[in-house]
Amino acid sequence: MCQPDGGGLLSTGQDFTSDNASGASPVVIDALARANSRTALAYGDDPYTADLQAKLADLFEHEVTVLPMFTGTAANALSLSCMAPPFGAVFCHAEAHIFTSECGAPEFFTGGAKLIPLEGAEGRIDPHSFERALAELGKGVAHHFQPAGLSLTQATESGTLYELSRITELAGIAHREGLTVHMDGARLANAVAATKVSLAEMTWQSGIDVLSFGLTKNGGICAEAVIFFNQALASEARFRQKRAGQVASKMRFVSAQILALIEDGLWLDLASHANAMARRLTEGLSAEQITLPAQINEVFLKLTRDTADRLRGEGFMFHPWGVEPKHGECIYRFVTSFATEARDVDALIRALERARR
Amino acid sequence: MCQPDGGGLLSTGQDFTSDNASGASPVVIDALARANSRTALAYGDDPYTADLQAKLADLFEHEVTVLPMFTGTAANALSLSCMAPPFGAVFCHAEAHIFTSECGAPEFFTGGAKLIPLEGAEGRIDPHSFERALAELGKGVAHHFQPAGLSLTQATESGTLYELSRITELAGIAHREGLTVHMDGARLANAVAATKVSLAEMTWQSGIDVLSFGLTKNGGICAEAVIFFNQALASEARFRQKRAGQVASKMRFVSAQILALIEDGLWLDLASHANAMARRLTEGLSAEQITLPAQINEVFLKLTRDTADRLRGEGFMFHPWGVEPKHGECIYRFVTSFATEARDVDALIRALERARR
Amino acid sequence: MCQPDGGGLLSTGQDFTSDNASGASPVVIDALARANSRTALAYGDDPYTADLQAKLADLFEHEVTVLPMFTGTAANALSLSCMAPPFGAVFCHAEAHIFTSECGAPEFFTGGAKLIPLEGAEGRIDPHSFERALAELGKGVAHHFQPAGLSLTQATESGTLYELSRITELAGIAHREGLTVHMDGARLANAVAATKVSLAEMTWQSGIDVLSFGLTKNGGICAEAVIFFNQALASEARFRQKRAGQVASKMRFVSAQILALIEDGLWLDLASHANAMARRLTEGLSAEQITLPAQINEVFLKLTRDTADRLRGEGFMFHPWGVEPKHGECIYRFVTSFATEARDVDALIRALERARR
Amino acid sequence: MCQPDGGGLLSTGQDFTSDNASGASPVVIDALARANSRTALAYGDDPYTADLQAKLADLFEHEVTVLPMFTGTAANALSLSCMAPPFGAVFCHAEAHIFTSECGAPEFFTGGAKLIPLEGAEGRIDPHSFERALAELGKGVAHHFQPAGLSLTQATESGTLYELSRITELAGIAHREGLTVHMDGARLANAVAATKVSLAEMTWQSGIDVLSFGLTKNGGICAEAVIFFNQALASEARFRQKRAGQVASKMRFVSAQILALIEDGLWLDLASHANAMARRLTEGLSAEQITLPAQINEVFLKLTRDTADRLRGEGFMFHPWGVEPKHGECIYRFVTSFATEARDVDALIRALERARR
């Protein structure tokens, strides 16, 4: 068994459990303080939220409907509920967070829609798997869930990236069959930072209809947004957001976080830093330890149970990530963040060397 | 028609629209900054959230299960979903927020349970109305929703207070019939500040099984908690919280707000101040203007449409609150908060005098 | 207390509990036997169901989409689920079956929509009550359920009839506001028989978008149909029917019942007979005993508890129907059916005379 | 592509599409006629339904709670809704009807629970697959659906049978982990007829908590029942049945069908006949044509597209059943029923010989 990391002790540079173990960027805390100077109407009728709508339209170079949200779980589930009827099917990768880790939030928000898991190497959906699953579903046959949507995760759950051509291909299949396309962008910032592709190219220009834009992992406190490029999907969104308890009473404080992060490209700087720290880690390790190409800020390492225990004995924290199928080795995930420092990475590299001896 | 207040312009001392139009207490912002110094495990496995559990048990003098939440809507709806099956009925006042203003959140979270509105003067449920509704429902008859819960709002939507004896009486009826009892405590702090009754007396000692403890309106950014006194109701709560997208990724930042507010009684000080500002307002007005006894931080005034327009012309902001039944006069609600200053109230009093001439 | 009728003993001519206490017309049983001679594809792909679609289009003089259903509860709830989103509001009379007696089926099928009860004398919705409720709801405001539909019951739960002009008026208000209109026609046959109005006039010509056409109470075994006149509402219906477990495996046996009942106007003959029996009853009684005009096959009588007991002592069966508001007298409902015989009614009249002495 | 059988034309001895393409046993029609002689209270308060409860307790040799239902879809989905919370997981075979063919009824009735598909040869769940899936799910971790139930299909979707030891083993694993166990018995009669095992042994003695007992395919019109052996699961069942629109208005006509079928072992005779007809078919064919052991009344044949076309050209009807994985041959399903005659089977055998030349 590959043991999870116990305890909730406050750590710091030795904590590689996840990027949401880091706190917030000080810029975000400052933004909260600045947004605190006056009164503002509640429930989103405030100038920050209005400004956010305009700023995101600029950033994405497209008309958008923006819903500031508290969590990625809710952003994803709400997006899907605007795409799929209760008898609808949404296709996603078998490792997608919406499929594995949200305790039924998509089923809850949609009123019972079904997620259909697709295969594909390194976390990316294989178009053939998608085509096959579509063919099997039986569109129009009332005995079966009806195809309604496709959800892509960029960057993927495996810390890898979709190339634009793959997104375009998958979205093209979906649109051809009358489905709409969602992107789970919990780490979209890292993807953009890694590829130098614009947000517009990465999303609506590649066929994305609605995006969960996550900035919590990238320096926010609770800074998520559902962003509709396809306005036809947005008509019910505000009502669904309200009944889900996701309309912030003092919404300005969510909007202000996102505004602070997108101002002057801070979100890109933070994500670039996180990516660089992961790159620094992989460069310090031998290739055979690394199970997946580390394209963003996640590094997946094969470690013996012993090695993992020794690392933990030294204070390092990280999560197990299943078992490598071929040789049964345990895989562990190490995540860097905007707050990870180079010396933290270097210390981890040295500890890994020691532990493997 | 009694026109609503338009616009989302940032205001300040002239804004009496609601206590959630105020920002947060600077102490809360500081607490966020302090909670930002290190890493901490995500999703609630952090020391702030553990500490919160312990501190709230002390504050309420009872074993508690605490779920930090983002909004009052979600706190209320989640509470009800732990009390009522999808075919269950929950009784509440006809003016209760859960009945009038949450776009179906209770129905959503419970999977279709029904809210049954009860009558009662000044926002308080009349026990006879409750008994009558219970008798009409037809317990055990499969054609009907089955009685499951009672929800009380303390302080009420009308800015009034339940006496403990009334809470005890209503909860007693509920328990006699096998129902459990929820308290919507969006302004519980104001109620406690006004009555000098302890939180324990106000809640579990009076028969409350589960509480939505709201601190957002009282100086938080997004600082709500579901607090179970009846542990039997809590068994499903964490799963329901997760699937509702209400488990904060960086939960420490919600917990830290609440911790900051309950430390050294800050929550009581803030609520006392808000109450005092409302009292100052009523003391500056003639009795016939006031439609309801202002027991907490809300003042309901009868104003002619003209008077209201003139006040707004001077920059004051406030919400219409329906029409007084007997004479058809418009009623407007003025809410004070922890941030309202005495000079703001005095200016409003003077403006009201001018406007009514 | 007005005691209900106990026991489930088989009765016959003395049973006035409800029209669904009668069995089926022998013609319906014969039709089942005839439909049993060969194989037929399952789940509605059979010639009976195809024929039913055509025959009902003729009968209603309109293009229709027909879904044979097992129960009126399901027919109503399915209809509403095609009209209202989960955050939608459907207006209906406060005594409507969907509001009082279906254990949350509408809330279940719609995923949480809200039924808003309207007032109106003798079971008919008052247009002013509807207008008022619409105005109060707050269309477009995300805090509130959104107006989506209106449901009328013809004949009403009080055994009375809507005039066409009232239906047209109510449907007109609904359509003006963007709502669609449902008719619960559990006793529509009785309404048509009583008024000599055509089915077309009673339904789509008066503004009805979708109808629950009930024939179970009128001689069927389980013979209900959802009939869409507004085809835009029908697009999701078959999928919703399937997931509700309402697509009959051997659907021909539901369709065959309805076909038998509509052939040669049998449904009208049966309903006319039921109505005539109720008329015979009222004509044999003094006017002051009757609380509501008996316009179809239901008679509501004021009886003392003693009188009711004596009647039951003689073997008569009937249900209590609440308490008359002004004088507190118990009201009892007597329902006649296609199977009620004149001598049964005469015996009841005589027994009532004896019992009141 | 393996083409489906088109058209809904009435057929007879050449129809092998499914056992629900057959009509009802004449005994069932007679039972309806006999149940039609008097009035009876509606909604299940009738003597037939009371009698059914007693007779099924005798037949199953156990205390039971019985809910007469209209369809197998609803019986299955209702059963699951009494086992699993909305965040619960129910394990089933990947080919289970509840997983593949009910358009989300289980998700609908449970409020969003998840079906987790398990592998296993010939339609039977492999206990290792179940153990593995249980281990992966993460009991107690709020990010994941929580294990709640196991659903077995006896006979399986592949026309095969579970041995009692396998049922006991699977149910044992489930109970060990706190799950309850459902049996989808759409063709349980065929399984019992084939194995000579008692209903008691096949169900509660092997660990089944709740059963969908299907008699529609075995001679009924709409004759299904949910049967609870574990009374703790039954407490909410009647309310869930009502809100699903599955409480028959004239329930006696559902109950009377089941009573007629279980009287004097008719259900076993009908199922035995259907099984014998399938056996006759397989005995007339060469072994290599048959893809699965035909243990009940379903025969799965490998046919070339040409052969299938020729058979259809002669008037035979049957459904395609996917593609045989190894050689890509089309598989077709032939189902016999209580109404299939020996000469029909012989004619099919001869036609198959002709078609294959």
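Note that the chains take the letters A, B, C and D in the order they are written out, and that residue 1 is the start of every chain.
We adopt the following convention: a residue touches a chain if its C-beta (ideal position, glycine included) is under 8 Å from a C-beta of that chain, and two chains touch if they have at least 3 such contacts.
Predicted, not measured: the structure shown is a model, and the values here were computed from it.
Peer 1: By mean C-alpha coordinates, which chain is most distant from chain A?
Peer 2: Result for max centroid distance from chain A is chain C.
Peer 1: Out of B-C and A-B, which chain pair has the most contact pairs?
Peer 2: By the number of C-beta pairs in contact, the winner is A-B.
Peer 1: Using mean C-alpha positions as chain centres, tell me how far chain A is from chain B in Å, no decimals.
Peer 2: Taking the average C-alpha coordinate of chain A and of chain B, the gap between them is 33 Å.
Peer 1: Measure off the straight-line distance from the CA centroid of chain A to the CA centroid of chain C, and report it in whole Å.
Peer 2: 51
Peer 1: So how far apart, in whole Å, are chain B and chain C when each is placed at the average of its C-alpha atoms?
Peer 2: Going by mean C-alpha positions, chain B sits 42 Å from chain C.
Peer 1: Which chain D residues touch at least two other chains?
Peer 2: Correct list: 86-87, 102-104, 107-108, 111-112, 142-143, 146, 239, 242-243, 247.
Peer 1: Mind listing the chain D positions that touch chain C in their complex?
Peer 2: Of all residues in chain D, those touching chain C are 7-12, 15, 17-18, 20-24, 26, 29, 32-33, 35-42, 45-47, 49-50, 69-75, 77-78, 102-105, 107-109, 216-217, 221-222, 239, 242-250, 253-254, 317, 339.
Peer 1: For a test of understanding, state which residues of chain D touch chain A in their complex under the given definition.
Peer 2: 86-87, 100-104, 107-108, 111-114, 142-146
Peer 1: Which residues of chain D touch chain B once you look at their complex with the stated criterion?
Peer 2: Those residues of chain D that touch chain B are 43, 85-87, 111-112, 142-143, 146, 236, 238-243, 247.
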